[in-house]
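Consider the two complexes below, in which chain A is the common component and chain B and chain C are the respective partners.
Then we have the complex of A and B:
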């Protein structure tokens, strides 16, 4: 069928190009520039840009900061998976069974508040709460007889503090997405199973969960890819990647190489490796996850 | 059964308290005097509420510049994004043209490009245009939104084609049809998207931090970094007052339009 619409000519381009041109300039062109910068030795201002081939890449693999960032990138993804999927899923299942609609909306509205709050503002509030002297968490720990922890200055805790702050912000949004898809499961299925005497545990795993696997799968993919972008801001505000790179990740390293050490070559090489890594992770998640996803009819 | 239900509500409430406690604590600290900030008892409601912190934040000569910069940048970004998104969504919905599918993929594909890849090249572009420390420096890379185009097209696709055809027969040109026929029918989604983009623009942090290095040109979220002084110690009361002032507009908008915002964000999430 010939689709709806006007006769074409140049008019449709006049409508779409105001959006497309800035996208090409500020989102696609950078992909090319980034690749070129990664094979040059440059510092943002010097008039000479020397071609050095893959030296930036080989130099990266000899740096401890890079291997730390690589390992931490994995830790962040694994650390945030429960916050991205397990906890919000559990909560949305519980909220779904709340009979009072007003109360249900109230719960969801409250859980969603961190999403509309500025993340940078939230990060400062968390620094205040995590402060070992006078911070609310230290005070709580002391009141039960535990010693306060310097979360952000201790290499064992810094990364996990950032995971908690990021998880705190992610939780309500993902609860909303999972709750939305749980609500779209047809009630007839649930009623039929209840009449047949199935337990609510059984109903969840045999009916609800298979029907929401597309959303779960989607969150799995986006978490794997976007967590690194997501923790960028808390890393910068809470720890600047420290102490001794204990909480840095690949994307924060890009920022440091570029805007603290003014080494555009190392920075772009790191950015490109990160991008490729995410393409590989996405491919793997699709390869192993897709076959378990139930897309319905 | 009753205990089971109680346990359920308690678990949900723990999550809710965990979620909103930092927000409450922010407002609470902002209203406390310097001595009460560091007491051992955790009062959510300050014993001696004071607006001293707010006064000292607002008295800073630069606060009004920060506020002005944030508003100008947010308004600029929202205006450009809405204009480009409405036009493009209209173009992609009601026209047939050769590069249509390709260009639509280009628009939607932008959502998969990470910030890490774009930050250095865009910084070079902006600085070579001599735009560092201007409002335009922040606005330009955010002029268009792949999500905006996608979101509005979803709604325009559902409009009956007959409306547009009837107007064409009456001799209206395509811009008139957009203005008089299509736009009034998608006002709701346009409003929702405007709010969504406004909250996003208000909260922008990393890109503005890179291109706005002069203190008088900065926006409110970045200006928070100036309260972080490891030598003198943190001014928690003032910092939390500043945090509250930044959060209030978005929280108020959220309270008024939470239904719309939640709906938009579900679409934003599903899109990828």
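Then we have the complex of A and C:
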């Protein structure tokens, strides 16, 4: 009797074990190891491991590169939010007004193409386009009497050039999600509101938008969390974080500490701070954002 | 046909054949056994070693040719070259991964001169003075400038053989020179002349006058050192905020402020120069082959000097260091290091475009290489900051340089800040 009770008690845990074990091994154990590395002066291979307490953390806060990376991480999130939500939402609404289905599909396909292109290849094409000597954009600016901009070498523009390149690629996928969500709004609600004399603007804000808030919230959360990873490749290819850290972010700084300067302690400290920062950002987004989401129940 | 055997039992003809076959088989097996012992003994005499490098494409083909020639002429050694395409730091990453997985490092590593100290101390490079013994001075004497062996030294001890050498030259566009009213056969010899030429190019052509490449601190070191300002003082601390260093950076910044140098990234400047939009281009001679393929019109001259001051040009390229812990492998590795700085191997290697550092007279792959060869006498080691923060220090200096050049900070203030930061990192 007792034996059977133990069996029935442990069975549910056995079922979830295949999911829990990989999480423990590949997620939580690396987190613990990361913390241990951040308080050591050790490079993975040296026979001596010196415990240095929080010295890596204090050293990090004294570095200009870290403060710039921290600020830039916020700039990337804020800079890409319009590309992740506002612009694709506006385009989705506009496409929805196109009556011809073939034309609508054509627009959506055209917008989606950047998403399926190799991002690294696209970045190299963007370098050619952005170059101020003979680049397409410089030529266009010159043709209207403006001075060409040194997008990648000027500290005022480098970060925003990366935002534009990343936003250009992100746009199509987000438009697809928002467009699909808009199309799934029951037509009965729209027809009823139209009969009642509601304007298009009113229909959008009172019916369509509330019903697609779960998708908007999903995009808000994923953008806030994943943008820092997303911009890593364009940073690496276009500017390498420069000029003088003007376009770096926390993820790129971790890469530089770990694989360019081979300073494992600083890299681990930066990674841990980044992790905690994103936990806080995610919590804030859920706290302030989720209460405005209508799940339709 | 049947026959009786010694035991009186009748046996067929097939049985005799079987016995004969058995005897033959045994003989063959015995012979194979003997040969396998001999073969194993011979194989034991062949020392297998591995060399990691970063070369790909045409450079890889040329390097593999050297490895093949070495293996042919040294039957007791089997050298395998392993290409890890990318930067020198990518090689370091791979070795870290290998050591962290409790595997041996490669027996030989081709490491960038600027990474010599870091790789030697981190991965435990072998002192060549111990391994090569009396052979080392003879190898040093093969160099056109025996002082070049200092490029492979750490605190006066030899750890690397600097077989792969490049230096800074001035590429220029003769068509832009002509359009500006300049003589393409009279390139600028000093930085004052560069300014004069730049003024003429700016006034008489729609092109940009100049670009000095800035991917790392290599070119900055060449300019500052050539103006008589050491990057590092004798006390081991940063010293690049001296009046001469300030003068150098003020001149460089002035080129930007006066519109001679365009505000573009390194990659953008390269395309612009090859596309015929920049008149003068200070860059490594290592880029000669690809540049010449893309722009056969280009001319090359020595890097300008500061008046009549003797130039001091940090050598670019890489050294070979021995990381093997096994004595037999380390000895075999030294044989390769000895071989690669032989005129025979160097005659193959210079096909890459790197400069021949040996006294042996080898044909140039392109006459445009001559200015770089002439500058070998000015070669000095690239400043080695050492310590765990050595690589970050390079980045700190590069950031300070960019802030100064782009006018974000005053020259003296920027250099002072960078010197202070470097000194802090040196003691961290």
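Some notes on this structure:
In this section, the second predicted complex is superposed on the first by the 266 of 297 C-alpha atoms of A that agree within 3 Å, B and C clash if a C-alpha of one lies under 4 Å from a C-alpha of the other, contacts with A are read in each partner's own complex, and residues count from 1 in each chain.
Keep in mind that, in the parts below, contacts are C-beta pairs under 8 Å (C-beta built on N, C-alpha and C of every residue); 3 or more make two chains touch, one makes a residue touch a chain.
Computed from a predicted model, the values in this text were never measured in an experiment.
Counting the residues of chain A that each partner touches, chain B and chain C differ, and the larger count belongs to B.
Of the two partner chains placed around the shared chain by superposition, neither chain B nor chain C is touched by A:163.
Looking at the shared chain after the overlay, A:44 reaches both chain B and chain C. In the overlay built on the shared chain, the residue A:216 is in contact with neither chain B nor chain C.
Look at A:134: by the touch rule set out above, it reaches both chain B and chain C.
Touch criterion not met for A:69: it reaches neither chain B nor chain C.
Once the two complexes are overlaid on the shared chain, A:155 sits against chain C while remaining clear of chain B.
With both structures placed on the common chain, the touch criterion links A:261 to chain C but leaves chain B unconnected.
Of the two partner chains placed by the overlay, only chain B lies in contact with A:20; chain C stays clear of it. When both complexes are overlaid on chain A, the residue A:239 reaches chain C alone and has no touch with chain B. Comparing the two complexes, residues 44, 127-128, 131, 133-134, 259 of chain A contact chain B in one case and chain C in the other. Contacts from chain B toward chain A in the complex involve residues 8-9, 11-12, 15-16, 18-20, 22-23, 25-26, 29, 37-38, 40, 42, 83-85, 87-88, 90-100, 103, 106-107, 110, 112-125, 140-141, 143-146, 148-149, 161, 164, 168, 174, 199, 202-203, 205-206, 210, 221-222, 224-225, 227-228, 234, 236, 239-240, 243, 246-247, 250-251, 253-254, 258, 261-262, 265-266, 269-270, 272.
Against chain C, the residues of chain A that register as touching in their complex are 41, 43-46, 59, 65, 127-128, 131-134, 150, 152-155, 239, 242-245, 256-257, 259-263. Those residues of chain A that touch chain B in the shared complex are 2-6, 8, 11-16, 18-31, 33-34, 37, 44, 87, 90-91, 94-95, 97-98, 107-122, 124-129, 131, 133-134, 136, 139-140, 142, 168, 171-173, 176-177, 180, 215, 218, 222, 225-226, 228-229, 232-233, 236-237, 250-251, 254-255, 258-259, 264, 267-268, 270-272, 274-275, 278.
Touching chain A in their complex are the following residues of chain C: 89, 92-93, 96, 99-100, 118, 122-123, 208, 262-265, 267-268, 271-272, 275, 277-278, 388-389, 391-392, 395, 399-400, 402-403, 406, 408, 428.
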